[in-house]
Structure formats: C-alpha cells, structure tokens
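These are the structures, in structure tokens.
Two complexes, one shared chain (chain A), two partners (chain B, chain C).
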Partner chain A sequence: MEQFLYYLKVSVKSIRRAPLPYVLTVLIMALGLGVFFANATFYYRLNADPLPHKSDKLFFPMMLLVPWECNDNTCKPPPVLSYANVQKLSNTDIPTAKAAMYSSDAYLRLDTKQPPLPVSVRITQRDFFRMFDVPVLHGSIWPDDSARNEIILTKALAEKLFGQSDVVGKTLLLDDKPLTVSGVLDNWQMLPRLYDANSGNHVEPVEQIYLPLETGYDMNYMSNSQSSTFDDTDYRQLSSQGRTGALHQLQYWVQLDTPAQQQAYRDFMQNLASTEKAAGRHPSIINNQLTSMRNIVAYFGGESGDIKAFALVTLLFLLVCLLNASHLSLNRYLSNQYEFSLRRALGASRWQLQQQMFADVLLLTLCCLAGALLIGFGGVQLMNYLWPVNRLFSTWDWQLLLGLLLLALSASYLVTLYPSLRASFGALNQQLKE
Partner chain B sequence: MIQLNDLSKVFKTELIETHALRQISLTVNEGEFVALTGPSGSGKSTLLNVLGTLEHFDGGDYLLDGQSVKGLSDKSLSALRNEKIGFIFQGFNLIKDYSLFDNIELPLRYRGFNAAERKRRVEHALEQVGLAARRDYHPSQLSGGQQQRVAIARAIAGQPRILLADEPTGNLDSLMARQVMELLEQINQNGCTILMVTHDPEQARRAGRQVQIIDGHLSDASMYDPLAQNSPVAVA
Partner chain C sequence: MSLHLMLKSLKRRKVVTGLLLLQLAMTLALLLNAVMLASQTHASLNEPTGLDMENILQVQLKPTTPELRKYPALSDLLERQLAGVRAVPGVVAVAYSNQGPLLQGGNNGNVFKVGAQERTNLASVPMYFVSADFFRVLGLTVQNGELPVSPTPLDGKVQSPVVLTQQLAEHLFAGENPVGQAVNRGPVAAVVSNFYGQRSAEHVFNNSVQVAPMYGVDWGYSLLLRVEAGSADTVRQQLDQVLRNVDTNIEIFYVRSLAEQHHRLYRTEFGLAVLLTILAGLMLLVTMISSYSNAHFHALKSQQDIGIKRALGASRQAIFVELLAEGWLCTLLGTGAGVFVALLLNKLLATVIVIPAIPLWLPLLAISVLILCVTLATWYPARIATRVSPATATKTL
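Up next, the complex of A and B:
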C-alpha cells in the first residue's frame, strides 16, 4: 500500500510538471465518455428487461383471425384481439396466468362539486397484477374477472386525491359513476412498460387507475391506443356491441412457465386456428405468433431509431477522443522517458514501471470519471429537452455508474498502455546521456 | 567479481555496423578501483553500460560473481542493478523536482525496504557525502559538485558491491573534481569495487589500475601501468 501511495505521488508530480497536456487529455476523454454515457443511459434503460426473472415466460399471443382472405406471408396477425377471440384464447388451463387488457382515458373526482381530473386507466383482469409483479400496498386485487364497481389506484394518485395512501373502501366518481377503491398499489414503475409495446406506448409511465375489463366494457370505454374493426357496427356502444362484434382492441398476455406449457399453448393456438378455418370464420392462411415479452419491442419495431443512431455516433466520437487522448498521452510519456530510463537504470523492473502506470491509470480514471459525470449529466438534460418522451429513461442506477467506471478505467488503461510501454522499453543509456 | 570473456558489442543501423567492443576479456577483482581510459568513441562508456546491464552485448560472456548475466530476465537484471551495482553519471541524473532525500531513496524504493530502513540508509549516505543537513533541498539549490555527491549518495545508499562511474567529474571544476575523487577513493577503501570512465590522466592515475580501450579493443598500453599500485590488468 505504501508503495502504491508512492506511485500515486510520482503520478501527481509528473502531472504538475506539465499540467496543460494532462488537463487536455482529461477533457478530451471526459467529453468522449460523457457524451457516450448520456446516450448509453437511454439506450440501456430503453432496452432494459423490467422482469428479467420471467420475461421469457410471459407471451403475447396473436392470431390471424380476421374476416378477409390473405394467403401470403405479408399478412401479419393483428396485434390486438376482439373480445370474442380473447374468450377463445382464454378457453384453456394451459397458462399459469392470463389477462386481457387495454388502456383508456377517463375523468375522476371525489364528488360532483370537484372539477374532474383526467386520469389514465388500464382496463384489465385479475392476473395482470400477478403476471407483471405489481406490488399491492393496501387492500387486495379482485378475486375474479367478473364485472365489479371497484377500482385500484396507484399510491401517488391516492395521496393526491385523499392526502393518504390507505383509501381502501372509499368511493370515487369515474366519469361520474361511483366506484369503490378495493386496492392501492405501492410505488411502481415498470420501465419499459412492455405490456403495452404493441402500440408503442412502452415508454409511457404506468397508468394511474385499474378497472376490471368487464366493468370497462360496461362503461363503454374504448381503447385510446389501438383499435380496429372490420364491420360498420357503432362500437361506441361497447357495452352492448363490444363483446360480440369484430372490434379488435384487446391486448392479451399469458404466462407459460415451462417449455412444455409453451409448446402446448402453441398446439392449442394451432388447433383453434384450424377449427376457426373449418367453421369458415378464418379465410386467411394460418399465422399464429407467440412472442415473448423479451422480444416484444423488436417484434413490433418499437426500438428507438434515434437512440440507436446516436449510440453509433457517440461510440465513434468516443473512439476519436480516445485516439486524440492517446496521442497526447504518448507525448507526455515520451517527454518523461528520461525518468523512466533513470528508474530502470536504478533497478526498477518493467513490471514495477507498469505498476507505476496502474497508478497513472487510476488517477486518470478518477479525473475522467468526474468530468464524464458532469458532461453526462448535461447530455442527459439536453436529450430530455430534445426528446421529452424518453424522460422516464434518463435515471442512473449503480449498474450504469459501475459501467461508466469500468469504461473510464478501460479507456484510461488503453490511453496509457502503449505510451507507458514505449517509455519503459526505451534505450536506457541513450536517455541518460542526454 | 567481474569477468568478461571475448565480449563484443555491435551497433547496427540500416547502413552501417559499428563494432563498439571487440573480443574484450577482462577480470576485475573485488575491491579494485579501475579507471577505464581511452579516446572519445573508443567504447569505454559502452563497456561501462554493458557492465551495468544497461545494454546487451552481442558476443562472448559476462560473469558477475561467477554468474553469467547472458539470458537473464528483465526482473533478474533489474534486481542485479538494484542490489549489486551503483551508477554515477556524468550528468548527475537527479530528478529536479524531488528533494535530495527522495532522489537518494529512489533505488531503495524498488528494493522492498520498509520506510525506516530506507530513511536510515538515505541519512547514512547523506552523511557519507557531507550533505546530511540538506536532505530537503532540491538539486537546483546545489552546486555541480554537491549534485554529484548526491548522485554518489544515491549510488551507495543501497550498499552495492560495484560502483560504475561514467566520467563523474566531467562536468566539475578541478576543486570539486578533487573532492569527488576523494569521496570515491574513500568508498573504495570501504571495500566497494569501482570502475570509472575518465578522460583525465591525473584521475586515472589515482585509480588502482588503468584499462585503456582503443577502437573497442583493450589496448596493450593497459597491460601495465607503472603508476598503478596494484597488479597489472589481466587480459586474456
């Protein structure tokens, strides 16, 4: 340890001899690392797996159950299902859990004297909360999927409305229909919100309130993100027309824990498609998709092109910065070659000089890290300003910071390695004579 | 102590080959004070560098304490330089922004001594060269002669068995040169073997014996020096 402190002292002395080239090296590296890190933050967050322990067990089934004929491979199954098709897909015990859902908008207030508050609503079924590991703080989830005048709130909304989180049993007016609070969710933010990836809304925050699917249909809530129909029925009367007609608006998720379950469910979908085809309700070719949550964004092409392009540009920029920093570092080391040679002549081995280099690397890493964090923070703020839609994905966690530390360490090592090797392999006698 | 057998060294460029040392055979016994003399470019500094393992040689063999240094690893050569050999350079080669203490301590740092042992050795070396009161000075605050004494202190702090001095008085006036020579003689009397490159015949005569190098060869003139007190040079 004492020797390492000595190496650090030698590094500091070396910097003080020629501070300007060192400051320039740090600035260039901090700039490259900071810009790269700012973009990497978004890239990492947007591509994060919010449920790594089960994202390969949650599946989004899609079937080409449409009333028109399409017999080539260009016809993709629609990403949302009709109520009737969900019933057919649900008619099996193979999945461990299953939930149909969609999102909508509504107005909420405590009583008719208050101004209505616009809220985002997820209209779904009981298993939604279990499948996506949604934490419950107070109350409970609905015991089944039947219609009920009950509502589940987020903790933040409960506190906003009532000034407290435990509001189970209290009544609210949702579009002036009285509903009882049956549960309050703990702080929860699934990032990205992959259950909504089919409509490209996975970068949005989670909804504020949760309503049973049957109640949502009874209250005539239409999807606010993705819906389509193949007939001229007026689906604004969802409560009377929605369950039997051809309105496609439901996302559907199933949990299939084992490969055997997954294969059984694929077979089930295949049989269902064949049955539908035989019944004349399915004129197109059979095209079933069972996409796992891990692959859902890629399947729907929801990856951010801007972020991807910037990732490449910032990586190239980082490489250019590292090349420039290497050049500066080489000049610094060659101007210090005399001291390297002297130390070698007086008995330092190349390995001991490399230990000196490690101290240089550590010091450079710390300086670059501090600069990169500052520049990275500025970069994140700028990107939040330019792309506010990604604002939720701009936070740093310890894994990201550890990644930056390792990157700064690697970059500092790369920038220092060649110059220090050049300096330590120089001709001893020549340097000492000059 | 030192035995060279047909040692040769060639400097090669794309155009020419320069034979700096040609079949040099030389034996130096423990405790000797040997002056290496010869005209400029004759190869004496190259010989000193080879002896100090600062340069590799191309042919022959070099035995130090009966062990061949040929083929030794960088780690072994570094340890050998650090523990057995002390260097004194014509240009002092002190690090300007280090104190005298730090300069002298530098080779001890790579030897694994603890802080107390390093301090003891540095202070002892400073006392030996008469600069104990100036341990926190920087080289620029000293005269040339004093700087060379610091360099000598650095060389002897590790208590090496061989001291290699490359024109140690080349940059000093006559008074300072005499002081440095007296210091070297004193070190030699304490049992340290010294090989010193010099142009100065007077200083060469003060050494125990002289070895003359001309065009990379040991010259016949080095066979016997009437002023030398010790036995003639052993030339193979």
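Up next, the complex of A and C:
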C-alpha cells in the first residue's frame, strides 16, 4: 500500500510539472465519455426489457380481418383491432392469459362541487394486471371481464384525491359517472411501456386509472392514440355500433408460455382466417402476425432513429477523443521519457514501471470519471430540453454508473498503455542520450 | 520546403501522425453530416406553409363535462367562445376546427373522386370540420368556386360541401374543373390555396375542409384566431381568462402561434441538428487541441534541426511556414480520407434517419474550415519555435 501511495505521489508530481497537457487529456477524455454516456443513458433505457422473464412469452396478434379487399403482399394488418375481432381472437383457451385494452382521457372528481381533474385512463381486462406484473397495494382486481362500475387507481392518484392510499370502497365521479374504487396499485412504472407501443406511446408514463373494457365501451370512451373506422360505424355510438362495426382501436395481448402454445395459437389464427374467408368476411389475403413484446416497438416502427443516429455519432466522437487523448498522452510520456529511463538505469524493473503506469491510470480514471459525470449530467439535461418526449428515460442507475466506471477505466488504460510501453521498453542507451 | 522532406518528417512520427490523421478524418465526417442535418432542418423550418405564421394563434381545448361535449350544449359553448374571443381587441377573425394545421398526424380519412376510386384514392387526407371563418383566419384565397357560408351537418340528409386545397384538387381532378363534381365526402364547392396540414399525409398540402358542426370533441378541438400584426402577444395573454369567463368547464391544453407549432413539428430534427452542431464544434476544438499539442511537441523535439537550419541561413519566416505547412499537409491527408469516412457515415445515418446526400462542394468548404482551425492552433507553437536562437538550439550537438 505504501508503495502504491508512493506511485500515486510520483504521478501527482509528474502532473504538477506539466499540468496543461494532463488537463487537456482529462478534458478531452471527459468530453468523449460524458457525451457518449449522456446518449447511452437514453439508448440503454429506451431499449431496456421491462419484463425480462416473460417478454418472449407475451404476444400481440394481428390479422388482416378488415371489410376491404387488399391482395397486395405489402398490405399489413391494422395495428389496432376492432372489438368484434378481439372477440374472435379470444375465443380459445390456448393463451395462459389475454387482455384487450386501449387508452383514453377523462375527468375525475370526488363530487360535482370540485373542479374536474384530467386523468389518463387505461381501459382493459382483468388479465392485464397479471400479464404485466402490475403490483396491487390495496383491494383486488376485477373477478371477471364483465362491465362493472369499478375503478382501480394508482397509489399517487389515491393520495392526491383522498390524502391516503387505502381508498377501496370509496366512490368518485369519472366524467360525472359514479364509480367505486376496487383496488389501488402500488408505485409502478413500466419503462418502456411496451404494452402500448402504437404511435410511439411506449415512452409515456403508465396511466393513472384503470377501467373495465366493457364499462369503457359503455361509457363511449374513444382511444386517444390510434383509431380507424373501415366502414360506416359512427364512433359516437361506441357502446352499440363500436362493438359490431369495423372500428379499430384495441390493443390485444396474449400470454403464450411455451413454443407449443405459440404454435397452437398461430394455427388457431390461421384457422380463424380461413373460416372467415370462407364466410366472405375476410376479402383480403391472409396475413397474420404474432409479434412478441420484445419486437413490438420495431414492428410498429417506433424505434427512435434520432437516438440511434446520435449513438453512432457519439461513439465516433468517443473514438476521436480517445485517439486524441492517446496522442496527448504519448507526447506527455515521451517528454518524461528521460525520467523513465533514469529510473530504469537506477535499477527499476519494467514491472515497477508498469505499476507506476497503473497508478497513472487510476488517477486518470478518477479525474475523467468526475469530468464525464459532470458533462454527462449536462448532456442529459440538454437532451431532455431538446427531446422532452424521452424525459422519463433520463435517469441513471447503478448498472449505468458501473458501466461508465468500467468504460472510463478501460479508456484510461488504453490511452496510457502504448505510451507507457514505449517509454519503458525502448533502448535505454538511446533514451538516456536524447 | 520540400514535400518529400515533410512526408519524411511525418513518417518519422508515424504513430502520432496516424492518430492525428484518423482524428481529422473523423472530424471532417462528423462536420459534413452535422452540416447536412442542420441545413435540412433549417430548410424544413423555412419551407412554405401557405400560412401567416406569426399572426395566427391556435388554442387547443376541451370541455371537462360530458354535457358540454355533446350537442346542443356544445354548439352553444362554441358560439359563446367565438363571440368572446372575437370581442378581444386585436382579433380580426376566429373560427373553430376539429384540428389545427401543422400537425404530425390527426383526424384524417380517405378521399377519392366519385367514379374513379381506383385511380384517385388517397388513404390519408386530413379532414377539417370548421366554422365559416376558417378560410379568413388562415388567409386562404379562393382559386375556384364559392366558399360555403353556413354549416351543413355531416350526418344530415344533404351532403356537406367540400373545399379542397389546390394540391388535392389537382391530384383528384387532374386538369378538370373540380367545382360541381363529387368526391366521396360530398360535392366540391371550392378550391382554395394550399396550406400545410399534416406531416404524415401523402402530401402536406392535401387537405379537405367542410364547413360543418364538429362530429365530436372527445379529442378536443381548436380555436384559430387571426390577429392584427404585432398584437399576437397581447391577445394571447388575454385568451385564457376570456375563455374561462365564457365557461369555466374547459381544459386549455395550449395557446401557440403557428410559428411555434411549426417549430414543434420539427422539434426532433431540430434537437438532433443542435446536438450534432455542438458535437461538430467540440470536434473542431478537440482537433485544434490535438494540432496544437502535435505542433508544440514536434517543435520542441525538432529544436536542434531548427537550430541547424537557422545556422545554415534559413529565415524565421521560412521555419514558420515550414511548420505551418506540415500542419496543412496533415490536414489535407486526414481530410482526404475523411471524405470517404463522411460518405460512409452518411450512408449509415441514412439507415436510421432521413438525411440528404453530401453535395460535392461541401467537403471543400469543410476542409477549408479545418485548415483554418489547424492554422490557428499551430500558429503559436510555430511562432515560439522560430524564436529559438541557432546557438541555443545547437549547443548540445
């Protein structure tokens, strides 16, 4: 330890002798690492798997089951489903769990004297909570998928409205319709929110309240993100025409735990398409899709091209900074070559010189890490300002910070390796002469 | 000053020179692509929209009670809101619309000429359901036909007349007179000048407008105001209070000028262009530091050579130019390779974002900028090197 402290002392002395090149090296490395880390934060979080243990078991089925004819191979199934098509797709026991859903906006209040509070609503079925591991704090989830005047709240909303989280059994007004609270969810944030990847919505926070699907249709709630009508259905008559017409607005997820289940469901979809075609209700070519949750963002084209493009560019920038830092470091070591050579001449082994290099690397890592964190923080704030839509994905966790530490250590080592080898392995006579 | 000798000098320091060349190549690549993206964003933000961007305000709002979102209460609310806003000093005209212009996507539907669906069908045309003053607010000029003056319900017995933008009319009727003919949405009443509707549409100027009561306001609606020149800020400050005085049961999502709305439409591209420009600036800074360090170190190492040259009669000016010329040679070699790296990076970026190809003149401009930066960075070390006296430099020989 004493020896290591001595090496550190020598390193500090060497820096103080010529501080400018060292400061420039640290500045350049901190810039490269900081800018790279800022973008890597978003890239890492946006591409994270929120349910790693089951994301390959959750699937979004889609069929070209529409009233218009399209026999072109480029015709893709609508990205949202009609109520009638969901009924057909859920008419099987193959999936372990299944849930149709959509999102909407509503106004909530405790009584008519209060001003209405705008809230985001997920209108869904009971299996939603099981499929996406939604934690329940108080009360329970609906026992079945039938219409019921019951609502589930997030803990934050319950506390905001009632000042406490246990509000099961209390009544409130959703768009002036009285509903009873049947459950309260614990703090929960699925990032990215992959159950709603249509129109790039996976970057949004989870909804504040949850309403049964049948109740949502009865209350004429339209989807606030994506809906299409392929016939004369009047969307204002959602509770009646919306259940039978080609009004597409539903997302539908099924849980298929085994490859056998997945194949069985694919066969089921194929049979369904054939049956519908035979009945004249499927005029287009058959194009069934069963997309897994892991691939859903790419399928809907929601991947952030800008983050990807900037990732490529920041990687290049990091490379340039490393090259530059190597360049500066090489110059610095070559300037100190005489000192290295003198130590070699006085009996220092190459291993001892390499230990000196490790002390240099450690010092450089610490300085770069501090600079990179500072620049990275500034970079994240700037990116939040320029791309506020990704704001939820700007937080750091210990894994990210550990990644940065390892990157800074590797970069410092790489930057110091060649110069130190060159300084400690050259011909001694010549080096002392220079 | 011989090219051969300069190349030999660079070769003697091949690792350092190699690192510098790589850096210069990558800097040029980044610089060129940042400029391309920034110029593309600039062009998008300055593209013609057919709209008076500074003197039109858009209020996006929604009634907060179910009753107010249904007719006839909605109709009454709209009338009261239009009258209230119209009375604000500085407001020239006001109209409601189910959606504003300059959006990414929104309420749209298919449009085709009746009897020619196969040939003319457009799958996604923005549909505007508006009050009669909509055309006046947006400053649209009538190209053909007559504008409807009163609203016709969309679900009534008589079809609501349709007003098409010039771009859409040309697509559907190609040289024919559209007025009096029919599209699937109704008879064509008029053709108006183009305006920017939705970015995701087949063409941003494809728009279909009907003077009609809005179908529903579940997604909110827009109040569009034309204001007198210079009074946009004053009017904007009053709008929230004016609308709440009309009825408190509303949620106002935002009040924006169309210029702000247009900027938001290209916010992502703008963000990327800003970030790339900052990065390109940092790259230039890093390159300057690198060039400075390279020149400084080289001048220190070459003190003896410089001293001999000076002793043999080389002028300070000649030494100075020689050191600068080495920097220029390095820059030319590095940026020469950088052009190919830039093309490769451009291709890679084009796989994830829309970015135009690099024009031939741009690398020349970027190389000039880099040469200027390298000259600035090497100026001081080169000047210091020339101050070395021949006696001092050669005393260790």
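Here is the rule we use: the second predicted complex is superposed on the first by the 431 of 434 C-alpha atoms of A that agree within 3 Å, B and C clash if a C-alpha of one lies under 4 Å from a C-alpha of the other, contacts with A are read in each partner's own complex, and residues count from 1 in each chain.
As a working rule, contacts are C-beta pairs under 8 Å (C-beta built on N, C-alpha and C of every residue); 3 or more make two chains touch, one makes a residue touch a chain.
Everything numeric here is computed off the predicted structure, so don't read it as measured data.
Peer 1: Using the superposition on chain A, tell me whether chain B and chain C clash or fit.
Peer 2: Fit - chain B and chain C, as placed by superposing on chain A, sit side by side.
Peer 1: Contact-wise, after the overlay, does A:N224 reach chain B, chain C, both or neither (first, second, both, neither)?
Peer 2: A:N224 contacts chain C only, not chain B.
Peer 1: According to the stated criteria, A:K13 is in contact with first (chain B), second (chain C), both, or neither; which is it?
Peer 2: first
Peer 1: Using the touch definition from the top, say if A:Q3 reaches chain B (first), chain C (second), both or neither.
Peer 2: first
Peer 1: If you stack the two complexes on chain A, which partner ends up touching A:E339: first (chain B), second (chain C), both, or neither?
Peer 2: Only chain B is touched by A:E339; chain C is not.
Peer 1: Chain A residues in contact: does chain B have more, or chain C?
Peer 2: Comparing chain B with chain C, the partner touching more chain A residues is C.
Peer 1: Pick one for A:K88: touches chain B only (first), chain C only (second), both, or neither.
Peer 2: neither
Peer 1: A:S349 contacts which: chain B (first), chain C (second), both, neither?
Peer 2: First partner only.
Peer 1: Looking at A:L319, would you say it contacts chain B, chain C, both, or neither? Reply first, second, both or neither.
Peer 2: A:L319 contacts chain C only, not chain B.
Peer 1: Give me, in Å and rounded to a whole number, the least C-alpha distance separating chain B from chain C in the superposition.
Peer 2: Minimum over all C-alpha pairs of chain B and chain C: 14 Å.
Peer 1: Help me check something: in the complex, which residues belonging to chain A touch chain C?
Peer 2: That would be residues 21, 24, 27-28, 31, 35, 105, 107, 115-116, 118, 175-176, 199, 221-222, 224, 234-236, 305-306, 308-310, 312-314, 316-317, 319-321, 323-324, 326-328, 330-331, 334-335, 382-383, 386-387, 389, 418 of chain A.
Peer 1: Show which residues of chain B lie in contact with chain A when the two form their complex.
Peer 2: 45, 49, 52, 54-55, 74-75, 78-79, 81-83, 87, 89-91, 93, 95, 97-98, 106-107, 109-111, 115, 154, 158
Peer 1: So in the complex, the part of chain C that touches chain A is made up of which residues?
Peer 2: Residue list for chain C touching chain A: 15-16, 19-20, 22-23, 26-27, 29-30, 33, 62, 64-66, 105, 155, 215-216, 218-219, 248-249, 251, 267-272, 274-276, 278-279, 282-283, 286-287, 289-290, 293-294, 297, 300-301, 345, 348-349, 352-353, 355.
Peer 1: Which bits of chain A are touching chain B when the two form their complex?
Peer 2: Those residues of chain A that touch chain B are 2-3, 6, 13, 16-17, 339, 342-352, 427-429, 432-433.
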